[in-house]
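Taking it in order: structure first as structure tokens, then the write-up.
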Amino acid sequence: MPTAHQARLRIPERARTSRIDYRVPFYDTDAMAVVHHANYVRYLELARVRFLAEHDEPYTRYVEQGYHVVVTRVDIQLKRATRFDETLSVICWLEWVRHASLGFGYQIRCGEELSALAATEHAVVNLSGRPVRMPDARRERLLALFSGE
Amino acid sequence: MPTAHQARLRIPERARTSRIDYRVPFYDTDAMAVVHHANYVRYLELARVRFLAEHDEPYTRYVEQGYHVVVTRVDIQLKRATRFDETLSVICWLEWVRHASLGFGYQIRCGEELSALAATEHAVVNLSGRPVRMPDARRERLLALFSGE
Amino acid sequence: MPTAHQARLRIPERARTSRIDYRVPFYDTDAMAVVHHANYVRYLELARVRFLAEHDEPYTRYVEQGYHVVVTRVDIQLKRATRFDETLSVICWLEWVRHASLGFGYQIRCGEELSALAATEHAVVNLSGRPVRMPDARRERLLALFSGE
Amino acid sequence: MPTAHQARLRIPERARTSRIDYRVPFYDTDAMAVVHHANYVRYLELARVRFLAEHDEPYTRYVEQGYHVVVTRVDIQLKRATRFDETLSVICWLEWVRHASLGFGYQIRCGEELSALAATEHAVVNLSGRPVRMPDARRERLLALFSGE
């Protein structure tokens, strides 16, 4: 397992992944005529929310059950600028799971080219924002989603 | 009194006003190298929040008392593009007050030039989002802030 | 024809329309747990860009030909709050076309409910931001898209 | 010198720093009633732009001279949630300078508490986005700003 926060190029072989496609809106560009870098952090959220909905439960269910999954770290490497109306694909997978925290890996691609690599870390908290252990059933479900590589 | 939503050039003579200065960050620009129009709607909020804090109560006090002041209409006319690092001044005043709603007027200036005119309308709601009459004391305090023009 | 900037409920009968669906991301919500009002202005852009691509030309073609279509006015009425993960539909049509300006109408719906009504006005400018008449061919193509109501 | 991208708690002793204060606007909050994490990446930009203006040259001068300083990596650790109307201070310093790239370090504080630690990496590019060596005069000016620790 890589150190928690390290982005990496290779998607772990047996990891479940989710993917969202995102067509760059004009409002995400900046005066360099490319996507402003802070917006990529939002795209990671779109893919992560999709991942939970596809492989675990919709995020709205987390909240109904009294949990939030807050971001405690984002490490993103930007490889290639993206322009208005290009379509990005964000691929997301689970990198690690502990009792009260978890980590995701990401690749952002634009066609055949790599746009960005990222890793995020998260704490599981209750609705007042206090860190809590996630229920065993959820943790086991999540552990099954990643490869153990 | 103009119709509720109509922006106007002249600040009512006896109205109390508030003003915020805002230096345009790079992240507010778009691929035309000017401020993206949706951001001006955010600048109105900055001025309105300042107005309430200066002339009535901080918005955090509204929330503590169980109220939100939600936006029900925004009408904004954009007169002049603004670029990175220019400083905008947003001037805000109260246009009208009813039992469960109120309206603000705005001018956005960049130096001597007019950048935008705007009007917003608001409903007073409780924390579940239901429209409610505001307490008489608050309404009277707000009524005293505008000129009756 | 309504006055240029007036939002209206009824979509003109013979107008061509375009529609985009938008699932509300977490990052569009605010501390009232609903979509922040400034974001709706962005959703209008998504629908307008789709309209031009479907009925006229992709906006990237406008830019290649030396034109931008800048926003000179936004009038939006918010009818109903929207929450994370709800899906909005934004329907857009052309309201009017002049030599150097045009106007769009919009409805934003969430399922069967009306979330917002809006109207926007635009100037056609060159890449330095100066207003210019649009080419006759484009203007005629655009005129054919609306009903004359 | 730490590896290029690593955030660190201690501000290098002899480094020049810049600081901006930022009062959290309502529009930066999300449905957890705290600042959405992607916004902190924008706050870093505010501090970095201030740093260049105070210690080197305004970023607008970079652009006039044909340069952009693009972001190639952001690593941010979030330590404490921040709420509407709290005031954040972002402190920024230069961590390292090479011929065509540079790195900044950041602390974000809310009163006495640490809100975030961050590091960013940047490439110097020309206005078409190609990496270029920065002029020796600029590089020497930048080198003088950091401590050599």
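All chains are identified by letter, namely A, B, C and D, in their written order; residue positions are counted from 1 within each chain.
Methods note: contacts are C-beta pairs under 8 Å (C-beta built on N, C-alpha and C of every residue); 3 or more make two chains touch, one makes a residue touch a chain.
What you see is a predicted model, and the numbers here were worked out from it, not measured in a lab.
Simply put, of B-C and C-D, more C-beta pairs touch at B-C. Taking the mean Cα position of each chain as its centre, B sits at the greatest distance from subunit A. Centres computed as Cα averages put subunit B at a distance of 31 Å from subunit D.
Subunit C and subunit D have Cα centroids separated by 36 Å.
The centroid of the Cα atoms in subunit B and the matching centroid in subunit C are 23 Å apart. Counting partners per residue, subunit A has 26-27, 34, 38, 42, 45, 84 as the residues that reach two or more other chains.
The touching residues of subunit B, when paired with subunit A in their complex, are 26-27, 29-31, 33-34, 36, 38, 83-84. For subunit D in complex with subunit A, the residues that touch the partner chain are 5, 32, 34, 37-39, 41-42, 45, 68, 70-79, 81, 129. If you check the complex, the residues on subunit C that touch subunit A are 25-27, 42, 45-46, 49, 58-60, 84-85.
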